[in-house]
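What follows is chain A paired twice: with chain B in the first complex and chain C in the second.
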Partner chain A sequence: VSRAKPEDDEYWNSSKFKAFTFDDDDDEFSRLKESKRAVNSILVDDDDDEEEEDGVERVSWSGEPVGSISWSVKETASSIRSGSEQSFPKIDTTPSLSKQGSGYSLSSLFKGDLYDLSPEETVRRMQKGRAFSLEKFRSLQDKLLLLDEAVAVYDGNLITAVLIYLKKSLSKEILFRELMARDVALRHYVHYLKEMGEQKLLVDVHILLMQYKEHLNIKDEGQRRDFLKSCLGLPFSQDDATHVQDHYTLLERQIIIEASDKKADAEIFKKFPRKASILNMPIITTLYYSCFYHYGESEGTYSSPENIRKTFRISEKQYILTALGARAKLKSWFDVDSLFNTKNWLGYTKKRSPIGFHRVVDILQKNSAPVNVLQEYVNLIDSPELKLSVALKYKCHDIVINTYRDLKDRQELVVYREKLERDSPEYRKIQELLNNVQIRWKN
Partner chain B sequence: MASHLFCGRVNLNILREAARKDLREFLDKCSGSKAIVWDEYLTGPFGLIAQYSLLKEHEVEKMFTLKGGRIPSAAVKNIVFFVRPRLELMDIIAENVASEDKLHPRDFHILFVPRRSLLCEQRLKEKGVLNSFTNIDEYILDLIPYDGDLLSMESESSFRECYLESDQTSLYHAAKGLMTLQALYGTIPQIFGKGECARHVANMMLRMKREFAGSHTQILPVFDTLLLLDRNVDLLTPLATQLTYEGLIDEIFSITNGYVKLPPEKFAQKKQGEGGKDLPTEPKKLQLNSAEELYAEIRDKNFNAVGAALSKKAKVISAAFEERHNAKTVGEIKQFVSQLPHMQAARSSLANHTSIAELIKDITTSEDFFDSLTVEQEFMTGVDTDKVSTYIEDCVAQKDPLIKILRLVCMQSVCNNGLKQKVLDFYKREILQTYGYKHILTLKNLEKVGLLKPQSTMRNNYPTIRKTLKLWMEDTNEQNPNDISYVYSGYAPLSVRLTQVLARPGWRSIEEVLKMLPGPHFEERQQVPTGLHKKRQPGENRTTLVFFLGGVTYAEIAALRFLSNMEDSGTEYIIATTKLINGTSWIKSLMDSPEENLP
Partner chain C sequence: MAHTEWKDAPGLPDFSLLKRLARDQLIFLLEQLPGKKDLFIDADLMSPLDRIANVTILKQHEVDKLYKVELKPIVSSSDQLCFLIRPRIQTVKWISDVTTDEWNFYILPLDDDILSLELPEFFRDNFLEGDQRWVTTAGSALRLLQSVYGSFSKVYGIGRCAKMVYESWRELMEDGEQRTRQPEFAKVFLVDRDVDFVTPLCSQVVYEGLVDDLFRIKCGSVEFGPDVTSSDKSIKVMLNSQDKVFSEIRNEHFSNVFGFLSQKAKNLQTAYDKRRGMDIQQMKAFVADELKGLKQEHRLLSLHIGASESMMKKKTKQDFQELLKTEHSLLEGFEIRECITYIEEHINRQVSMIDSLRLLCLLSITENGLLSKDYRSLKAQYLQSYGIEHLLTFANLRQLGLLEEQQAGETLTVMESKVGKLVNDKTVGKLTDAFSSLAKKSNFRALSKRLALVPKSGEEYDLRVPRDMAYVFSGAYIPLSCKLIEQVLERDGWTGMEEVTRMLNGQEFAVTGGSSSSEARSKTDAQRIVLVMFLGGCTFSEISALRFLGKERGCRFIVVTTAITNSSRLLEALLDNSA
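Moving on to the complex of A and B:
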């Protein structure tokens, strides 16, 4: 990544240059505590001998003296950068302020001076909980080197600490521009903003779906709808845009339907009082609701099944399944019947279904349809084997008997007869068939 | 007390003891009587390290669950918070501290698990309570000994963080955990790996090692090899329904931190005289690990072989009880009586597992289970993976649980190296219309991690991978298996095949396939101080630590145990993972649901 001069200038002008401090108070109490911590940490940390050499007063994240932010007891990450497999952009120039290594010797000359440490050394010290200072990273280039270094050690806390410093010391635009090219750091930043309740800043990051996701936190449906509406303007991909648009339209309609149905006094609402509000339900559930309470309404009304079906481009299969479920629940066998009616060019009606008729039978049976209704649909099943097994399962005697008759299977008929009640109509029907001398049985 | 940790080849109890020592030291730092306030999430993982008795020995008198308001009164000197470093928890702690009775102040301490967090301390400061704490410390709990051959970080969201949120902090923990392991069990001379995350972890380990140079551990290496595997190298395996006993328990009832909760009906105690009057309503909670002899024996079997094993065991036990009739002399009776406790334990263990097996059988023999399994196996063998599956369509129409749908759709996508755009769009539309538009977020997440994707112009390479690695075996023997494919009744988990090939004949033989799988593969060596080189006895097995970054299933563990126990395998495996997962828990961790926004 090449970085032209003007950009640096831009940075210098917009940078705020604030020191990285959380808090300035340096009260007695915390000092007391720190000394306590310092004592503790000496006992724990055995590879901290160089600590003494530095002679540097320990300084915490917030700048106050501290002893024991020891990120690890035994191991620490080194300052050596892992050379390969970096998926994020890196600046290839050396830091402008301090050279690696030289920082260390300088600091031993000027004891207590942390301002000459390289990014590597600084990150290392942060990891060990030693004294460090971020303010000395002034140029954009240095700051980004520091960030890359923090990312390279995969320590979420450290990355966040550097990001907090960058957030304070860089203009929003520049920070976002740089973060867009650094996925790991960006994710940490988004997470941090979310934690801190500063989601508003995310609009700038163009994390659109994150924005969309916010709707889940809005309880009031009116506000939720308005929020979704505001999302429509976001530059989603075409695919996502369609879904978000549908989501908005759906909620908008649900609010209208809900408002009117809440006070509706039509017969159906009295007979089957609504169990729950329709708000925020999926589209298929909404369609079911519409098929249940608003069947037969003209296409012009928002609540009509036809309107919903068209608006949300619901597949024929899904539509038939949903309407079938709703009408069967109400035991409107006539409606069920007309769902499958199609007229051919001669004007004859014919039964056709986009879902197998065996599934239609399953659904009807679950809604305790009477045998004569079931039989009608069992008869429409194409495959003879499937037809027979469904008929056996749901005890459609006529169909079973007729099938065996057509198969000229005398033995099966005899077996089936035994399962029936003596002198029931079915029983007698088998009896008659078996006595019929016209039939040439195959067995 | 932790007998399940001794039975493996590597004594993992050393690790547990080290963790307990740290815990004791912290507790003693807060001198005097104390109450622990628990972040509820942590109680599970801590249960694997210590029982209440240990805490009690160190003057822990009360335990509370962390919640808002005032901490219940307890006449103790100290209040200790055991929490994960999470901001929302800090707010609760601040509330607790602020509403403390000013007349009888108690000392406050925080133990962050696994690490301190700058953000959290900052939050406490903002709330004006940071100064109220006498001790703020961290308890590094990276790898928790879970069983004799199993270590887990118990980090639920690790896969999501690494692959979805590009937050690799959990990899850092993994590397640190491995460093701790090496400090206790010696340097691991050979490191192999496959995948981006594996590469990162290896880099971090090597870097930490350099940092550490000079202070070599003088311990004879216990592990010969470390194999780091990214979960995204093998996305297929967790999606398939596990068919081992333990795998099915996890699939159906979900095992959490080594415990499972079961519906109580089948466990009603038959008391003599009264005929099951009051059925228990609380779920039955059972601990599952290899300390239980019978469980260790059957956990890794294909479920179809469990029935026979149980009935064999029943015969052995009843024969043992019959022995009492043969006991004539006082000495014989005495001997019999001395064995009674063991026998009774075995009998109740048998009763429990018979009940569990019955519960599972009710499910595995259902039509639903069979249909679903058939479709999975079709996908895994490459049948019709490029078309819309009518089974999935029907499941959507019946509003089956969304996770089931997602699992199947993802599996189809993985087995077809991406779905045709038309097919993908169809599934997406069906899912959004039936389950709600908000699931756009979840679908996006699945796309981002590669579980769901449109087919690129590239050729579908899954068939090549399947054939080269022999992922599908036609003649799987479920009763007396001769291949790892028994754990999925035909499908041999890709991850374990990679492990198997690495041991023999080596990865060089499958270079082509390795290139087709995502991420780099690599080999590193670590210097072992002279004098610590292991001299292997002839016939002595090698020990390999396999680390699954992003989670491992029980069926994969079963397959590795099978390899360890094979007569001529030459390698024994210890398994480490970020979390024990199954398809459901895994997909769930990738979902963006409204529930997630609740605290």
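Moving on to the complex of A and C:
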């Protein structure tokens, strides 16, 4: 869509956006809060009856409605745990004659039977749940006819049933060759094999990933690492090969870090005990962990942020974002500061950030940074409108006041003053400004 | 206000009949096993079963204990074991040597106008795995509806699966008896989920959609935690037209909900205040007639206010405004670079695994794939943030066409060429084809322009008095699926939409059935009821949009879906990052 780019303001003011403008002093939201208070304060002084009305069910301690199926299942399960175990009773497997016509048994799929039917008729019988026999389809041609007929009626379960029979009665090569010509049947077969865990029978790009996926079934991290190593030889695409390599390297390093940190007695581990192991965590989580517990370590160690950054080719933006989060959590404002310092060509230190400073402020605020720290970064926001809105959001009074002063907006100052505590330094500051005759207010 | 009831609305068929049929058949089957028995139920069938036959009824038919099907050894004291399962291979393998029978549970009515097949796996099985095992199930559902509610006279549809379901249904009909009775709905529209992937990927902003996105509605009911109930207990509530408060706000854009709830609270206060200054007689009458209703309304109101507050808190915390802005930009095709930057940061901050993926897919579909450098970079960052095991998820998304690179033609990978040396090239090609989707180009922009899905920006869109279906997405986008339905109904077919169907990769059809000719003219109620069947899932936003459309056109839509879905469920079905 090519069009003149409207001001961002237009969007922010449009109805699409306004629908979700929920500031604290928004009328609608405060009305809602009021409604809630009103509703809850309606005293029902007459009558007792705590009986449940329609639609609101009584729940048990587990959160399930009493009397529901899921509640019953849970009750049974918990009573079993406390009860004694009983052995699995033998099930009567002989099909009872009286059940003729009301159902079919799975085993009858493979028993020889007397009917002599064409593929179409057989498939119809299968659909209707009547007894049938597949054994009679002995020749390859017959078997293929049977398969084609099953496909023609679009019955997935039927197709699978026929495929099971074919798998048993045909050689792998022949079956596969024939499936090549039958898209629908082939897809079914693939899916069936996957569900049966026999995907090795397939030769396909997909199998690489299924193979790789096996690592999820290995619980022991050492074995998993070794398994991933074995995947390195697989002919993945270039990009995917890199990812698998990273995966192996990551787990290898995590195992080393985990072993060392588990018994670590550095101050930081005591102050902020680890909540979980680092094994199998994503790269960024590992980086965060490293920035938290191993900040400043030399690049030579596997646990250092620098090492992780280099090994996994982490972008500057990603790195700063992660480090910021970790150091802010620890309230290391000095470290945070250093993240943004660069020297310009004249040798002066300047603050620079690959992520907008408003984002930095967000993260700092989430970590309860003191107002003076917040203000420092709010001041670094380029766009005046954004700076003002962030300052308002986080109550950085000085910045708000200075901005209005610079804009020579008397009215806004007056309005803002009312939000402040009387006799607070900010309040007095506004007073002073308002009383300053030298300022040429615009309103 | 978008009311669900309007003057002259055609009456809806009674779908509770379906529940009774299913229940009666289940009871019949249980009675085939006289005496005490234990019942093992598939986890997915537990909620639907609860709606159809509760524990009391089961106990009445000598069901002793209830267990959940878990693929491990069974411990039971009963001689007879009964298993209620879906025919999935893993489950069937686990249960060996049994006699089987079929319970014709196809459809669960979730509300007056929503019917669900409760088959969430339909989407993945059919569209990702290419496994058509559920096609006959869907066909059977149609046959059931037809046999209970009368023949349809017109069937429209679009999508490969829609065609198959139609064929399957037709075959089933040929075998069965034809019942001639006055039909309760005349038209059916079948649509594949993959005809419109954009809509389920968008954040929902109508009330019911928001509740589903944030709290997960399951089988028509939802669990509200302590943050909503303002107590230490959770509560499970049914959400349907029986809840008078809910039924008035469910289709509303969220911005209208507060106003409505506030007003209702005021009215409630007034009604309660009437008590003061009543004499004994009046009091007695009040208590007898009005009080119960007021108390119920109080409870419901409290609940929904609590839910709204909770939703608000969560959304502001998540910077919902910025998120919506990005979505709207993507839908419009505007400032795409900024959108990509936003998505990149979303991934970098590890905000949410599913949401990051959702945004990537939305970007890909609206832009006909990502530029190669963007695809590789964003994929790498995603794997770094959320785990490399997501390699498989990316493969799945690529296969479905949800997240792909802009590239002409597939080049053989190294692997394929290696295999090619062992087997002949034709086979290798076949193998690739078999596993790649009948991958279609997305064409969203062209479609959007042709069908005017994105209203011109700059014009004010009044959400209080919506002028079209775009209100379900704050005026930014008309759901493609619903637009198609609107157009086809208007034209009584696909004439004039050749360009559109071509962009959707064809597979459209329109069929006129047997008994129609005379009824086609008459303006009976049946002519004004349209059944829409979503194969692969349907969102509450689409349901709300169709309700709006129905009011506009003077008809009612009945939505049949293989399952209710939303962006989370859709993507979770495609995740492959766990064992």
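One rule holds for everything that comes next: the second predicted complex is superposed on the first by the 237 of 443 C-alpha atoms of A that agree within 3 Å, B and C clash if a C-alpha of one lies under 4 Å from a C-alpha of the other, contacts with A are read in each partner's own complex, and residues count from 1 in each chain.
In this section, a residue touches a chain if its C-beta (ideal position, glycine included) is under 8 Å from a C-beta of that chain, and two chains touch if they have at least 3 such contacts.
Predicted model only: the values in this text are computed from it and were never measured.
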Which of chain B and chain C A:237 touches, first, second, both or neither: second
Touching partner for A:403 - first (chain B), second (chain C), both, neither: neither
Which superposed partner A:188 touches (first chain B, second chain C, both, neither): both
Chain B versus chain C as contact partner of A:216, first or second or both or neither: both
Which superposed partner A:250 touches (first chain B, second chain C, both, neither): both
Most chain A residues touched (candidates chain B, chain C): C
Contacts of A:169 with chain B and chain C, given as first, second, both or neither: neither
Which superposed partner A:161 touches (first chain B, second chain C, both, neither): first
Residues of chain A contacting chain B in one complex and chain C in the other: 22, 29, 33, 36, 40, 47, 69, 71-73, 76-77, 80, 85, 87, 153-157, 160, 183-184, 186-188, 191-192, 195, 209, 212-213, 215-217, 239-240, 243-244, 246-247, 250, 280-284, 312, 314-315, 317-318, 321, 355, 359
Touching residues (chain side chain B, partner chain A) in the complex: 29, 87, 115-119, 122, 125, 131, 134, 140, 165-169, 171-172, 176, 179-180, 183, 196, 199-200, 203-204, 207-208, 210-212, 215, 393-394, 397, 399, 425, 429-430, 432-438, 440-441, 444, 520, 592, 594, 597
For the chain A and chain B complex, residues of the former touching the latter: 22-23, 27, 29-30, 33, 36, 40, 47, 61-62, 69, 71-78, 80, 82, 84-85, 87, 153-157, 160-161, 183-184, 186-188, 191-192, 195, 209, 212-213, 215-217, 239-240, 243-244, 246-247, 250, 280-284, 312-315, 317-318, 321, 355, 359
Chain A - residues contacting chain C, complex: 1, 3, 5-6, 10-11, 14-22, 28-29, 31-36, 38-40, 42, 44, 46-47, 53-57, 59, 63-65, 67-73, 76-77, 80, 85-89, 91, 93, 95-96, 99, 102-107, 127, 129, 153-157, 159-160, 180, 183-184, 186-188, 190-192, 194-196, 203-206, 208-209, 212-213, 215-217, 234-237, 239-240, 243-244, 246-247, 250, 280-285, 312, 314-315, 317-318, 321-322, 355, 359
